[in-house]
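One chain, chain A, links the two complexes that follow: it is found with chain B in the first and with chain C in the second.
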Partner chain A sequence: MSSVPETLPTVGTRQAVGALLRKDLLVELRTLEAAPGMALFAVSTFVVFHFALNRNSLEGDLAAGVLWVTLLFAAILGVNRLFVADAEQGGIDGFLLAPVDRGAMLLAKATTLLAYLVVLELVAVPAFALLLAGAAVGHELGGLVAVLALADLGIAAIGVLVAALAVRTRARDLIGPLLALPLLVPVAIGAARASAPLLAAGHGGRWLGLLALYDLVFGLIAYAVFDFLLED
Partner chain B sequence: MAPAVRLEGLTRRYGEREALDGVSLTLARGHTLVVFGPNGAGKSTLLRVLATLLRPQEGRVEVLGHGLPGEAWAVRGQVGLLGHEPLLYRELSARENLRLHARLHGVPEERVEELLRALEIADRGDEPLRGLSRGTVQRVAVARAVLHDPPLLLLDEPYANLDPAAVSLVAPLIGAGEPAGGGGDGGGRGGGDGLENEGPRARARTRGAPLTRVICSHDPARGLAEADVVLGLRAGRVALLANARDTDPQAIGELYR
Partner chain C sequence: MSGRSLRTLSIASVVAMAIYLGLVFFYAPIEAEEGFLQKIFYLHVPLAIVSLAGFVIGGLMAIAHLRTREARWDLRSYVTIHMSLIFGLGALITGSIWARGSWGHWWVWSEPTLVSFLIVMLLYATYQPLRFSIEDPDRQARYASVFAIVAGAFVPMSFLAVRLSTAYLHPRVLGSSSNLPGPMQLTFVVAMAAIGLLFATMCSYELAAKRTRILVKSRSRILGYR
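After this line comes the complex of A and B, so read on.
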């Protein structure tokens, strides 16, 4: 007898997200195409800033600007790779044939991008501290982690939206950054302004609020339009 | 019971080019439609529309009693698509790919092992697909298409890249070699309840429903042997639509001239 029952159970979104997330992480572990490239890019950029500015220590607005512009461009690399394996190997079609909520892919991809960003920041923030920020990072590490977390949520929501839009186009490597950068400017501004006082021993609570609001708005937009981006 | 497929004036364009132009037909449940036609005739587009992956732009499309694209959600999970692309991840193994699809379809994981054994790839089931031959990958793709025992199979040249031994493993899983037109409620082309495993070869299963198939082929002899109904497409238009019994192989050859 078949092991498939006559009536298959409804597949819950959580189960589908788990299956897709596991697949994404396995593919990344075996190809190492996204997260290592993002981290390497960030460290290389800090090295360039270190020598170009000819300074061992930055603080305040300048430190925050260098940190967030670098993280933003590194994140774009991950956004560009987010759907590549799915688009090139038919994974999107395979997913669309399954009787599951299309939002499962949105959540799985956003979580995958969040994982890439965490790996990036685990490498990039210590490198930033070593090459450019000196002891300033260590003093307000908790605050900086909160800013990083809120900014990552915004980057993940916008990144998935843009990646899903770009992946169906022929010039996806160009379209992705062109769409993502303007949308990510408020994240960069909010994150930089919120971290500047932390890197100069001050406070940036108002900017944390702006970041959180932006995350919420783009999270909702991504959820609302994702089905239309994936399907024909 | 509504037919498995009903098309009335189906039209689908890619830019200015009409890939399908006013295609109309009805296919009863439990029957096999074999589609012939030269490259670019619209065969693959037809399969993608029936699989809910492409929206019809004009005309009416019903699959398993559900209108498309409005009720596409009700069709998904009841269709197995085997296209030109295997829809599998090269970096994952056969087992990992099939487990992913099993989870997305709510299918128990034992089914993955059943199919790996039936297709004689269990011993290579943990190797990444990028290291496997095209024939082996095609076997995995067949397993993916039939994993959830869909009542409607959409098959684009299902025997591509397969050697004769592999064909003999794959054919029963996709309902080949069964009496033509063997539909009927609960019957299916496999006969009985459509769920049994008869003898050493695993057979097509459809969760109790009759198995309907739409197959794209360039092989008139094999295609006619499997068909109940023959459709010939040329430049997206219906050039031939007839019962397989009444179809002269030469008429199929004319489609390619």
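After this line comes the complex of A and C, so read on.
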């Protein structure tokens, strides 16, 4: 950034991202505040769905819908926690004092969220297969992993933006989900439609295209506007 | 905008509204299938288009605010989005009435335009809660601008996603002006102009009111009233 005096040695962005990521993952490993909670939430939600729908196994549209609603809600739990510790304990101020590109924070936080989502899905997808989907998940695992990966990228980009927007507001626990849910509707549409045929022993190329377009557009937008959320 | 130019704009929009209503009720033909009800089209579609355009313009103004750091761009962006929310609510209500009248249901999930519009409205409904739960005025303006940009880009994305997900059950005739017969098309164009002018006029009034309030506040501070 231009405000950095030229006499200071600047730290490379990659190094800064690495340091921030290490810090975030270390804090998460020691406190276990976000990812286990998200996974547990997903499993409990499956149980609730089992009773609410009164079904022992789901397939096709319904299976995809239940899976994605659960994953999105669980992801929002993680989004809500993403900046809270930094905002409360001065992590953001410390970062702003360091002579590094602010985009590093975006990349690090997005990767952290991505890691949470991977942990979430490592638990939630097998649990879903076990509890609700029967054997349907096993057949098309490769396709499902592709859908999950594309959807996760979109959730990570929008999630970091929403988390950074909401964390400075008075009602952040409310504002975060209210902002995130409508913004994630295209992800829900794309991901649910792309995985419905996979869960129905039965292909949705354009839905992957929609997810990829969403990732690209909001990834770029997040990169463009994120700096403005950090300057104070 | 204030004083004479605001008066000119107001008169222009009153005249346009009068011509528009005259055309809708006395000139535009009664549509063969839907009858009189179809005339809500001249209110519903312009309201929806103007409010969506307002959302996108609000996002562009937010870009101007982040680039220039001038508070007036933030004020403009805020007023445009605020007014778009009001027009959008009108579009949702008229759309619902139209759906009830011609398809028999107040809400139709298979109409992609209606559904994407609802999603966009749900997103923008959080604009004010977000904005006013940030106390520091500088940060409030910046965060609101970031929201306006992200949401402005989200508008076309949401329409694309919902459009892809819905089979076309309803004729697209209702959604576009390109295949309307002559008198209907003329009425629609006038309707667009009138509703657009109304939007601009109401935005100008709100802007003028907001500016005056800011001015009065700063004057009374100088004069020492609290």
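Rule of thumb we're sticking to: the second predicted complex is superposed on the first by the 222 of 232 C-alpha atoms of A that agree within 3 Å, B and C clash if a C-alpha of one lies under 4 Å from a C-alpha of the other, contacts with A are read in each partner's own complex, and residues count from 1 in each chain.
Rule of thumb we're sticking to: a residue touches a chain if its C-beta (ideal position, glycine included) is under 8 Å from a C-beta of that chain, and two chains touch if they have at least 3 such contacts.
Note that the coordinates shown come from a computational prediction; the quantities given were computed from them, not determined experimentally.
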| item | value |
| --- | --- |
| Partner chain in contact with A:A98 - chain B first, chain C second, else both or neither | first |
| Partner chain(s) touched by A:P182 [first = chain B, second = chain C, both, neither] | second |
| Which superposed partner A:G78 touches (first chain B, second chain C, both, neither) | neither |
| Chain B versus chain C as contact partner of A:G143, first or second or both or neither | neither |
| Touching partner for A:G159 - first (chain B), second (chain C), both, neither | neither |
| First (chain B), second (chain C), both or neither touched by A:L210 | second |
| Touched partner set for A:P197, first chain B, second chain C, both or neither | neither |
| Common interface residues of chain A - those touching chain B in one complex and chain C in the other | 231-232 |
| Complex interface listing, chain B residues touching chain A | 51-55, 73, 76-77, 79, 81, 83, 85-92, 96, 99-101, 103-108, 110-111, 114, 128, 144, 148-149, 195-197, 205, 207-208 |
| Of all residues in chain A, those that touch chain C in their complex | 158, 161, 165-166, 168-171, 174-175, 178-179, 181-183, 185-186, 189-190, 193, 206-207, 210, 213-214, 217-218, 221, 224-225, 228-229, 231-232 |
| In the complex, chain A residues that touch chain B | 1-11, 15-16, 18-20, 22-23, 26-27, 30-31, 85, 89-91, 93-100, 231-232 |
| Sites on chain C touched by chain A in the complex | 66, 119-120, 122-123, 125-126, 129-130, 133-135, 139, 142-143, 145-147, 149-151, 153-154, 157-158, 160-162, 164-165 |
